Amino acid sequence: MTSDSDSNSDPATLADRVQDGDLRIHELEEHADYDTAAEARRLLVERETDADLEAVGDYTFDAEQADPNIENMIGAAQVPMGVVGPVPIDGSAADGEHYLPLATTEGALLASVNRGLSVIRSSGGADARVTKNGMTRAPVFRVDGVAEAAEVVEWVNDNVAALREAAESTTSHGELIDVEPYVVGDSVYLRFAYDTKDAMGMNMATIATGEACEVVESETPADLVALSGNLCSDKKPAAVNAVEGRGRSVTADVVIPGELVEERLHTTADAIVEANTRKNLTGSAKAGSLGFNAHAANVVAAAFLATGQDEAQVVEGANAITTMDTRDSDGDGPADLYASVSLASLEVGTVGGGTKLPTQAEALDVLGLRGGGDPPGSNADALAEIIAVGALAGELSLLAALSSRHLASAHEDLGR
Amino acid sequence: MTSDSDSNSDPATLADRVQDGDLRIHELEEHADYDTAAEARRLLVERETDADLEAVGDYTFDAEQADPNIENMIGAAQVPMGVVGPVPIDGSAADGEHYLPLATTEGALLASVNRGLSVIRSSGGADARVTKNGMTRAPVFRVDGVAEAAEVVEWVNDNVAALREAAESTTSHGELIDVEPYVVGDSVYLRFAYDTKDAMGMNMATIATGEACEVVESETPADLVALSGNLCSDKKPAAVNAVEGRGRSVTADVVIPGELVEERLHTTADAIVEANTRKNLTGSAKAGSLGFNAHAANVVAAAFLATGQDEAQVVEGANAITTMDTRDSDGDGPADLYASVSLASLEVGTVGGGTKLPTQAEALDVLGLRGGGDPPGSNADALAEIIAVGALAGELSLLAALSSRHLASAHEDLGR
Amino acid sequence: MTSDSDSNSDPATLADRVQDGDLRIHELEEHADYDTAAEARRLLVERETDADLEAVGDYTFDAEQADPNIENMIGAAQVPMGVVGPVPIDGSAADGEHYLPLATTEGALLASVNRGLSVIRSSGGADARVTKNGMTRAPVFRVDGVAEAAEVVEWVNDNVAALREAAESTTSHGELIDVEPYVVGDSVYLRFAYDTKDAMGMNMATIATGEACEVVESETPADLVALSGNLCSDKKPAAVNAVEGRGRSVTADVVIPGELVEERLHTTADAIVEANTRKNLTGSAKAGSLGFNAHAANVVAAAFLATGQDEAQVVEGANAITTMDTRDSDGDGPADLYASVSLASLEVGTVGGGTKLPTQAEALDVLGLRGGGDPPGSNADALAEIIAVGALAGELSLLAALSSRHLASAHEDLGR
Amino acid sequence: MTSDSDSNSDPATLADRVQDGDLRIHELEEHADYDTAAEARRLLVERETDADLEAVGDYTFDAEQADPNIENMIGAAQVPMGVVGPVPIDGSAADGEHYLPLATTEGALLASVNRGLSVIRSSGGADARVTKNGMTRAPVFRVDGVAEAAEVVEWVNDNVAALREAAESTTSHGELIDVEPYVVGDSVYLRFAYDTKDAMGMNMATIATGEACEVVESETPADLVALSGNLCSDKKPAAVNAVEGRGRSVTADVVIPGELVEERLHTTADAIVEANTRKNLTGSAKAGSLGFNAHAANVVAAAFLATGQDEAQVVEGANAITTMDTRDSDGDGPADLYASVSLASLEVGTVGGGTKLPTQAEALDVLGLRGGGDPPGSNADALAEIIAVGALAGELSLLAALSSRHLASAHEDLGR
């Protein structure tokens, strides 16, 4: 994993040259192959700190392969990966049995999700649907005042076709779905939403919107201030995403027979419903939250890490609502449990970003979802649906644990 | 990295046994060493899917070492890691020059942060302070109604000492700071806040609170429904965290001389302030957001991944407000720029969780912050301050890019 | 204002009969004219409490006239009303000079608004625009699960015309603008938005939506649970309204010459901008707020009360963002001030509700906006624009007061 | 209600003088008694508009009496007032049977609340408790940067006693409960909370905080920018109030026997719980709301208007959570219904503000709560508890209506 072309580009010499001020730390790739540059950088950091970067340097991909993903590379972070499942899913895009790879450092997470998936499997599998889809980018423009803002809004509403043409000229796959204007004083925000198919689509949406902005600027008095005006809203906890969605809005649900709730989860549908209502609904309400769930972000983060998604978009992935309800069982048995989780803004892709890196691509292969789908968008839809089922399993398992512990202590009380 | 003790525990045989229903997938560690179990699991997954898990299996740590962090392990996700800096920091805990390791798949992120750090460095470094500290856990109790709820609240307010004694009996380091009661109908939530020193502290807080709950249950009519009632609030976008903080509340700031803004960022303080106000303040306001920043979560996520933090807590890490303001320069030059980022709920630790894994521990060594600090808590404080400076650099760089692009096009306009 | 038809229906006898259990308190209007019934009710309440209801009974309208507005009437609350203005407004619907009647018990409010309006007047008046319009009602339906939810959503998206026909069959004026579906587990919410012209439109929207719901129920498997599912969202502080608007989204703005800021507001544009940024933007950001203003609700509440609007909708009226910015003055003078307020969800009407009551109708006459406008909707638009200008005046005045006080003390500091 | 002292101060002459520019409209009280001034102002407005202000001029109080509440008075808005109840309340401050006066223009509101109260009465009355109390004011200070901010926060935490002394020196009743600091960049917010006894307390809190701010400014480097920095947060929809409370946090609840639910509300506990969960909990969750209720603001607004509260504070009054749950009945009958409403930030007073005006004072007499309580604060507590019970009744009634309509149509379905 090292390289040495000539005397000036061995790692130690390169590190010397940076320390001498002869080279800058980000210029190393100009003087050596990528792996050597990374080694030189490790050497440099080791000299200037107390660190030994042996493990960081023991990575499995070619440094050059990671060039689109990182600068100033020194190696890799290695995060344990496991699998949960398999579980049958009846989705709009995902179908059949799936293992879900998860990478995390949070002990007990996979065990918990697996317990939930096991019960879902015994219940015949989960349903899942992508109910909305649109990657957004919302530039902010400066206008003279609200009189001008109203003109710009009117122009935009009348010229969506022209904006679509400009936007779609930059992409072979993406389609502009909608442009929604918002006015605040002398600022106009235009929220562009795109179908970006199997790409998560942030870059595609940004480039396409940039082109559309040029049309807005040339045809109206509006001046672009920032290509992102935070009504997108990317990597921030924002109601606009929780309400209107961003990326995929996806729901997974299942009905667990009452007997299974008792035998496998050691609790009752009623007890789970109570825990969900007091914790996930009322507790989150009192907390001023946009996340009405137990720990959906755990599954989202671990699946994102395993499959090469953008880890910072776990933020929007946490905009999820978990519902639990009792259902009458067919016979005389205990009540069945209806359980669902609805993720409003799950931003996933199976092409681009980190999905090409070796470990991430292999994880997508486990799911059978590496690369573009047929039809386009179906792989990303399927990934969203499978993650939703994983999140559902995590919710079920944690709520069952909480309520069974409660039941246990209730039983002790009775036994006194 | 493989192992073969006897004929029954070679990977292929183990995989056979799982496929035959003789073993369950999570039981493999009972029949072989951890690395062999992982290999058997890879084999199994490879057989049942189209995946080849060579890269996933090429990890650098001992599988057994990751046992506290993962179940059903198959290997590791490898995420490119780089470094940015160094940058001088004047913090309450962090001091001197620091390189910051970041792991991400988002191209251009490190370049952007590094550009910001370089300008901060030329400006003499950044200040940083942890202004609040407390890891929280908020159980929810069932009471008969509000009359009983009021009694429980009164009892809690009168008996914080007893709750402290119980809570602190479970931990050698943690200290109970406060217990805040909230009433909603027949539910009572008690938000316990702890100083968990150098640990992120979620587990410590949970165990300590569990013990305190037993006191509440034995001394009052309240019945515990769930040890977490979502007023904590863990891994959900919640106002309670954005307002009151969770983990560390930390701010970093810097004053950039006007000349540097022009020469290095190719823009002006005024232009950056405008972009920040229209995008990060007004745009986020209109979005119903708890995050008034450009992309703080990017830096938080990348630093968390590099240093073994809980990736799902990026959610709370995004509760950040960026402010930008002009300041009169001393002489006749252009206005200086005051820039700050305040992260309300940054949950970090330098012990426990994923911090012990080899690549993550090495990254903490780069920072000089592996393990417990002296005094206790100072390492986690320092980590929070350094991440805040990284986030500040990212904000500066992105806003400068947005406003310089704007200035550029404004200049073109003038040139027409 | 009293009446006595026969011996059984004089107030005292009626009160006796209620006390004897012979009549119920809400049945009095069946046994006497409306004013006598109110008098009997006052008598009854006076007997059973220590109250003397002389002032409450001294109202100026016919009790029968208030029948659509109240039950169990005993009289009226009288709230002091004043006027502010006149101020020239350049709106899309409001034009020319307007006095604005305000009813309140908050001393100094009218003086403050009037000061602001006076400065706006000296600056040539304010611009105002309704930038969006739509009264919403969002029923919630139960479905079997997300698979069925997805079918319902698809059906709705394909059948907006049928829903429009049903909805509009119930109203001569209202027009269905849009239906937006939202899925959470086994609940489907459909947010219907209507142009309700000069009516505030809540009732119109409810009735029309009720009719449309019957179509949904007959054509899809969805079962209506509640005609309002809180995604409307009426009389609750909700991001959906702050982001997407409800009723009118309206902005008013003005540029105040720097000299006027100094002479009349005794401060500078810079000082006002600072106060606005630290208080209304950053302070509200930290508070987890949907209201980024100083006291817009004061003007909204007082104008609502004077003109017969629904006082509980002050809640949505507070979803307002105030922006303040400096603008270069033409000459060498001090910087000008750009000031705006954008109310996202101002729900107003000039027909229906309380607008017919005598004092309220007279207040609408002061504005020249009683009854339906020509074209329909223009009176309600104009009312929204005028209230927005009033709110702008209140923001200006309060921020100027805050910053001039600050300047004053700053000057003292310099004088020391 | 008119007056004429000399030839220069009859209404017509005064109106002439304003039109001639000889007098300004707000100076009329300097040249005539208050009622004459109001008459002159009406005359002026009538001349300049098409309005006839006869009803507005027919008010029942002395204009001078309203001087603390209004400027530029022209008369009064008259809003129909009715009563609901009586209902037995078991509160911490309110006790026994109470009629509740409500002023509104929303038809059916009182009928709905009364239906709810009637069922509560048949269930033995409602419990109510004020669970938290504190009127807040949060000034914002400018500091040099976060290093200085941290010093200021430390000083504040160490000097609460000095701040209390300064604050309480301005008030005979108010008590400083707590000061909570928040840091955002170079802004420091201090949230002062006071027990203001029977006053709503905004003015008291503002004056006391102003005095405390002088201590902060003299002892620390912090400079006051605005006495209100929006973390208070007054008349804005803000999570800080919904989570931490402002004014009174008050809950009312009741258990309705299953038979009563069926006979009087024509529905079942299960159906009401379903409507509450899908609408008030899940629907509001999806709406990004701080209000998890059906229409609590209606009752708050109407009670505020009747009793002289600040109408703009209906905004905070809407921060309410309604819970509904089934409870096992004692015998074999249908399940009982537990119903509660928790208002986080109900700002009420029985002294000051609009409470002294005649109709409002009479309304307080109906409640037996005019003026200061014994002990101080008990009247405002009682008012909060009674309003909470009114809101509970409104919630019960509306949810019952929704669910019985649903049941009705369900029965129809079965009958087909």
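The chains carry the letters A, B, C and D, assigned in the order they are written, with residues numbered from 1 in each.
Basically, a contact is a pair of C-beta atoms (placed from the backbone, for glycine too) under 8 Å apart; a residue touches a chain by one contact, two chains touch by 3 or more.
None of these values were measured; they are calculated from a predicted model.
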Notebook entry, point to check: In how few steps can one go from chain B to chain D if every step must land on a touching chain?
Noted result: 1
Next item on the list: Could you grab the centroid distance between chain A and chain C? Build each centroid from C-alpha atoms only and quote it in angstrom.
Entry: 39
Notebook entry, point to check: Which whole number of Å gives the spacing of the CA centres of chain A and chain B?
Noted result: 16
Note to self: For chain B, give me the residues that contact two or more of the other chains.
What the structure shows: 182, 184-185, 187, 239-240, 242-243, 282, 284-288, 290, 292, 321, 323, 325
Next item on the list: Make each chain a node and each touching pair an edge, then name the shape: line, ring, star, complete, other.
Entry: complete
Note to self: Touching residues of chain D toward chain A in the complex: what are they?
What the structure shows: 239, 242-243, 277, 281-282, 284-288, 290, 292, 321, 323, 325
Notebook entry, point to check: Which positions of chain C touch chain A when the two form their complex?
Noted result: 90, 92, 127-129, 131-132, 145-147, 149-150, 153, 181-187, 239-240, 242-244, 249, 251-253, 255, 288, 321, 323, 325, 338, 340-342
